[in-house]
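Two complexes follow with chain A in common, the first pairing it with chain B and the second with chain C.
Entry: the complex of A and B
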């Protein structure tokens, strides 16, 4: 049974309860009073980017619209400006809830695969945890080539002047492609990450167990 | 009057002496006003000035005093001569403060002041000092009709103030609607959980109070008399009738829930598992008496999911159900949802609302419910479909715009149906035509008033009793009878208790005023009362029908019988009387008529038109005074006479003015209709109806219809009123002078 179907089974009829237990700050969702100040405060443009603004997402959670909430790209558009948190009359930590729902959708494998924020987050994490240092060359290349080889070449050509400028200023080292700089204690980093994963896994397992 | 001695006093303070020729005014008072004893004073309202007047009263035998100084609304304490008739010529707010201080304006300003002196002298001679209504009663007992929270609170508050109370309750126990509740909405910090109703405590306070006499299973069979001397028959279940002497009455007859059987689409009457809010209270009380678990009525199984439908049969624009919001139901449903959540957090509770209205600390209560896990869904419920032991609630989700939203497998549905006032008979309702096969349910009278106008207090809208919503909320249109609680407007327990306290105090004021022969609000303390010259009466019944307060009955020969203690002294009867036989000692057809005639009308070549303004003393006159205080100038061609109410305007004044050569007459009264602001409720409306027929008079006089103007004025119109006056003067100048000048 996949994580998704397991969750769906566990919280039959009560998506709100699932969110409260599984999502960081999820127990705040019930406190929304539908004033819409969050949507009004958001600097991003809802009409094109947010299919469902925050207060609507909260109402959908209460209405049990699990599939729609977890597969939407809406909460991935949050830029963490914290305007909504500042303004919410009910003091809901909206930004955190948005990230919480996004993380949960990702955990269940329901988040839209090619959503740019989600894609970049994955790329960055992988890049940074490999050597303990961010390899900027590889990171930007990963981003350019996300839509295939020819699209990546096109994107690279477009940016070549910037890249040459960076190289001239000694801000970009083309040899980084061969592996690049690393943390001194490679083993230590990996052990640390392993331990962190373990803690995270056991915490979530405990939550799953109820 | 043989022993009348008039004196006129003209003040020179507040700039009057510099702006006006006081000696000329004295001459006008002596020559035109025919008041030989006319004096000036530099500062009339000072101790010295008042002492001068008192000295004249004591030593010169002055009985009637004409003061030419500030507005009658100013310096009322200094110029307080209760034994004497007093007239005031408004030279300050009415003349110098609304005219520019320029050389060109000097002449017309002086003319204005001289006219006001003439008017004051004419008025004072037509007046007498009011002696007070002799037909008084001195009962200090308060009758409270209704033994709910409102009634009991009224009784306790009045008793604490030292007034005996008779409490009549139609059922066998005190407590009313609140007595049927399990708990109430909290009224103290932290506003988080339902609280004890407090009804038991109120009942024991009432029962322990020797000052409160309680009649249970009793109704009011007949109410006769007037404030201070009501005679009330109380019929008890056993058939016995008790008669009580009563000073004032508080009607706290409460409400009935809107009948949910009228809402079959919401499952009302379709299943035992669809209840109204009172039905749920009964279930909660039963649960509290047992194991604490609320069970669904159909099969006695514990309720696992409950849906509250807000605005059921309320705020209905179609006119089928209640048009209004009852205000308390949102908090009540929150409270009821907590009954479930506090006992067992796993019960699903959903409140479906269109607008959640939880004003004040209700907001904390709402938040607390959210914390407890009550789900709030904004939507409009279209249908409740019961099937077996559960129901499906179908609704339009207004946030997600989902027209087919539904909550299925609901054990219990609670309809928030709202309050319908128990206000008795609608005495002004048109008689219903009998429909064949339909049994007509006649409303039962609550007070059984033995009044000519009907058995209960008049209603305004939706069956709620009429009261001056802005200024005098507890007052009904029956003096000495006050309504409190949900019979007046929808409200919750906290508001009802506040209402009850207010009504108790107003009732006490009313019976105390009645004993002294004085008016209740808005002419509080007025000693004048209507006098009728019955030998001139034609029994036309206009006064008995029109009196906004039902003060006038009819005897067996159909002559009017004035119950002075019920009178508010608005003068509507005086305005209505076609033969002009009704008058007050200090306000009559003559006092105003004499002023109208006293004005000097310049001839048609002078280019000085004269416009008469009859201004309501409650709103328009203060607005004009305030316009003066702000030095908002208006034309020097108007002459303003304050009147008690537009309803007191007798058409003879208008006819007389037009005949005398005035170029126009402007009437200023309060807003009328359903949203009235008239202090006498119906006065301005009746006045306007009467004046709408003035066109015929104008036609017979061959005058233009613009010569009479009706203006709706609010007390805040201090900028607008001067503008309207100036505009009207311009209009009249354009029409040209009245052809009646010089006759």
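Entry: the complex of A and C
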């Protein structure tokens, strides 16, 4: 049974409960009073419109629209500007809830596969935790070459002027490709993160069983 | 002994050859003038930034920040941690807040840290460099060191998001923070308090993953600066600086605009005003050169 089927089975009567127990800050969802200030304050919703802006997602969760919520690309539009958080009259940590729902959809394998910010988010975390510090060159190349070599070259050409400008200003180092900046205690970082994932998984499993 | 001493968390983008290396150069020079000693936390790691959320989960993200707290405590017990990057500061402060409010999260974090041979006994204070300037040093003291006021230079103070929300600088409003305008005024330049895009988001990490969305926002930020007569933009955030500066060519192509406006760090303005050289202020680190500042620095 896939992780998704197991969760759907367990929480079949209440998607709200599933979000409360499995999503970071998910227990705040029920506090939403549907005023819509979050949606009106969101820069990417203003520019290009989310399929379902935050307050809509909150109501959909309460209405049990599990598949629609977990497969939408909406939350991945979050720029982490925190405007929704500071304006919410009920003090919901909306930015964190959006990240939390996105992370959960990603964990269950339901998030849209080709969503570029989903891809970049995973890439960033792997890049940062691999050596303990971000390697900006590898991060950009990993993004541009995500759809194969020829697509990568095309993307890279679009970015040529930006990259050359940065190199000239000594703000992009081509030699980062050979390794670049890193932490000394990488072994300790890996061990510590492995433990953190273990603990987090067991806490979520315990909630599910309880 | 220096007048002010802190544990320093420079962050990934400030490293040599990285996208905000010019920020660090100017901060170092600024701190020398103000007698501020920053001691780098040995072997510090990435804060995870906001964008790592798909894989980071909750505990691993906090553990990354907690490792920096533990290293800081081990090497510089009792010292406050100062970050220059908005995202590092926000990430670390968020972890501090969450761990302080949840015994479970704290216990879990300590258990994970043990794997790296580290622990936390005391939660450090997490400060942004602008907090240090405003609260510990103060505008009067900052102003005392101005040797070459940036007279007649009109500068739009672009505060952006993450030094402003959700924590912000004490005493400031989220919608219209004034500290950056006050800093522009302090160095003798002309601030634009009515600049209406001062807290608009630059698109953050979406500038990489979905550039068309971020660039639509960046266009508004720059357009408004021009509309208000600004000849340069100043910001306290490394990602704001990069996003607003480096994509101007691409935005010009998309929108038919003719943007070519320098985007500076507050620390660069201060170094030039304090009589530092163009090199001290890392003016050579701009993609769009700030000619007016170069002229003043060369005088």
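Definition applied: the second predicted complex is superposed on the first by the 200 of 210 C-alpha atoms of A that agree within 3 Å, B and C clash if a C-alpha of one lies under 4 Å from a C-alpha of the other, contacts with A are read in each partner's own complex, and residues count from 1 in each chain.
Keep this in mind: a residue touches a chain if its C-beta (ideal position, glycine included) is under 8 Å from a C-beta of that chain, and two chains touch if they have at least 3 such contacts.
Just so it is clear, the structure is predicted and the values come from calculations on it, not from any experiment.
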Clash-or-fit label for the pair chain B, chain C on chain A: fit
Which superposed partner A:16 touches (first chain B, second chain C, both, neither): first
First (chain B), second (chain C), both or neither touched by A:110: neither
Inter-chain angle, chain B to chain C through the CA centre of chain A, in degrees rounded to a multiple of 10: 90
Touching partner for A:161 - first (chain B), second (chain C), both, neither: second
Touched partner set for A:88, first chain B, second chain C, both or neither: neither
Touching partner for A:38 - first (chain B), second (chain C), both, neither: neither
Which superposed partner A:61 touches (first chain B, second chain C, both, neither): neither
Winner by number of chain A residues touched, once chain B and chain C are compared: C
Which superposed partner A:97 touches (first chain B, second chain C, both, neither): neither
Which of chain B and chain C A:185 touches, first, second, both or neither: second
Which of chain B and chain C A:176 touches, first, second, both or neither: second
Smallest distance from any CA atom of chain C to any CA atom of chain B, in Å, after fitting: 21
Sites on chain B touched by chain A in the complex: 356, 366-367, 370-371, 373, 375-378, 397, 399-400, 402, 405
Interfacial residue positions of chain C with respect to chain A in the complex: 12-13, 15-22, 43-46, 48-60, 63-64, 67, 108-109, 111-118, 161-162, 165-166, 168, 174, 200-201, 203-206, 208-210, 213-214, 216-217, 242, 246-247, 249-250, 284-287
Chain A to chain B touching residues, read off their complex: 16, 30-31, 33-34, 55-56, 59-60, 62-63, 65, 90
Residues of chain A that touch chain C when the two form their complex: 24, 43-44, 47-48, 77, 79-83, 85-87, 95, 99-100, 102-103, 106, 111, 116-122, 124-126, 128-129, 132-134, 136, 139-140, 143, 158, 161-162, 165-166, 168-173, 175-176, 181, 183-185, 188-189, 191-197, 199-200, 203
